[in-house]
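Next up, some structures in structure tokens.
In the two complexes below, chain A is the common chain; its partner is chain B in one and chain C in the other.
Presenting the complex of A and B:
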């Protein structure tokens, strides 16, 4: 009786193990042991580009997308940034477009000197086509206005 | 068939209900928003404005909508290539309070006044030490004078204190000098 119960319980586990082995061979990303579904880098890029390329996207969704994108530990691919800039054009929001470029510059972190010039070069066609200025051209790479920090208590 | 219809209607009811709840949750934030556009999710869904490097797009525009802003928005709808630099900057400042450069450049130069204050405090303390030594302390005891110390050392050597490993072991008794 107990033996039957144990064999019955182990059967689904055995089939799961077999499934996992076959799935592991097919997955291209580094092996992790979490139960969350993994997506590859290309899938990630395609997902975000498709999100920003939606013709009926509105300002709320662009901002949410940008905030979420900045939450990931990566510098987004130029295609995603171009798609976001074109989305800004569709909703007629120039300030948002400049903010996107600034945010991507910020995402470069301490490798800004290596990554940011390349990034600008890649999205330059989109910038020229839509007439968006980079923060440097607007003079926003240096501080323009002064605001007292709320944490200055003196 | 009937089950799906029932489920759809309850879902609609729940959606309507949540619309009733939504204003209550953001009540105080909404009251302060005024004429500003609520444009995004922001940090947490509340219509607040925060300049943060990791949340580049806040939930509300920075400036309220006035007649100038409306006319700028009309210009924005046409091609951006024709906009002047001033227009572009004005559009940016209407939506955002600080640029990223301003956000990250919060140097006040306070370190200079702090360093100066620290050095001044140390100087003050050292002055107190000097003045206390000059005016407060009495003369040191006579046993600390050089003659007394020399006589004391002579006594130690004469008594052969520490003859093997201590002080007198360094004194050459034949030549009457230090080894």
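Presenting the complex of A and C:
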């Protein structure tokens, strides 16, 4: 997955756009997986992409899939995100598509500045094809009400 | 004595099925009237009639069994299966509420903030009062089993004591839950979270009250020496129902209180 990219990003003076993502070294990184996870990165990606590419997928299944995907400690590959966005298009759920992009931004964690712009660049063709605005374009990256906490309404 | 040469119980004429029907109609029509005209009087009348009917119908059953000797082995066999099937139907009833809960929580919608618990919902800490409730019900399962064994061993004083403890634990659970409901920072109207939480735990609480009442009736009957050491199906039915209530709580605790309180989102 992108954990290889993250490793490379920690080296300074490397421009994001010049990254050459290779997956070969991914398996050599030590991970605290349980004994059940014998799936390779490619198999993981293919599984999720196939899940979202199901033509008869419904809204419940898309949300469940995104929830499961976000439960993993990784930033999903752009092709999985694109497949999820196209699934949202098939079920006519625009809000969900924007939320998917927002969720992927959240998954970047504290490496958001490095990964998110690259991620947007990778899914830009899909965003343009489907006419999906990013949360930033819609103004959803700023608080709507200037309250820190839901309980602050007096 | 029965006048027939088979072991089954052909019941005498009784007015209670009719009054039950009248009460049920009053309850349902009363609900409609209540929702439309904000007047629940008919509903309460119907409920009252149903409660009176239950008291009198089941009093007749215990008279027929205990005092008239009409509960042969064959009859008891039928009663056992009746109770088993009833509890099975209740399991299916709760299954539907768990289905609703998992449907809503496994794929939280945009309106909730795509997370569970939803944005703005402060879920209960499962390891505070809910955990105490779990301990209370598990303990009550132990005490009711203790009561049963005492009954089988003809230790009737200990049976009363253990049954009383069970009832007190049931009441304690109810008090704790009422306290939690009062303290809850969210209501039934707070999105599907509130709906699933209060409908599932609410029906469970109702079943706790029913079970506690059933056990209390058994306690009274026992003090009147209705139960013998080898024939006490009323008590067994109450104990089965009580264990069922306990198991439902365990599922509620693990799924809604514990798993459902951990924030997960997309």
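What we mean here is this: the second predicted complex is superposed on the first by the 109 of 154 C-alpha atoms of A that agree within 3 Å, B and C clash if a C-alpha of one lies under 4 Å from a C-alpha of the other, contacts with A are read in each partner's own complex, and residues count from 1 in each chain.
Everything below uses one rule, namely that a contact is a pair of C-beta atoms (placed from the backbone, for glycine too) under 8 Å apart; a residue touches a chain by one contact, two chains touch by 3 or more.
All values derive from a computational prediction rather than experimental measurement.
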Put the two structures on top of each other at chain A: do chain B and chain C fit, or clash? clash
Which partner chains sit in contact with A:135 here, chain B, chain C, both or neither? Use first/second/both/neither. first
Examine A:46 and indicate which partner it touches, taking first as chain B and second as chain C; both and neither are also allowed. neither
State whether A:92 touches chain B only (first), chain C only (second), both chains, or neither. first
Does chain B (first) or chain C (second) touch A:144, or do both, or does neither? first
In the superposed arrangement, what residues of chain A touch both chain B and chain C? 59-60, 62-64, 66-67, 70-71, 93, 95-96, 99-100, 103
Chain A residues touching chain C in their complex are 59-64, 66-67, 69-71, 93, 95-96, 99-100, 103, 150
Would you tell me which residues of chain A are touching chain B in their complex? 59-60, 62-64, 66-67, 70-71, 89, 92-96, 98-100, 102-103, 105-106, 130-133, 135, 138-147, 149, 152, 154
In their complex, what parts of chain B are in touch with chain A? 39-42, 53-57, 59, 73, 76-77, 79-83, 85, 88-89, 91-92, 94-102, 105-106, 108, 110
Complex interface listing, chain C residues touching chain A: 103, 106-110, 114, 119-120, 264-266
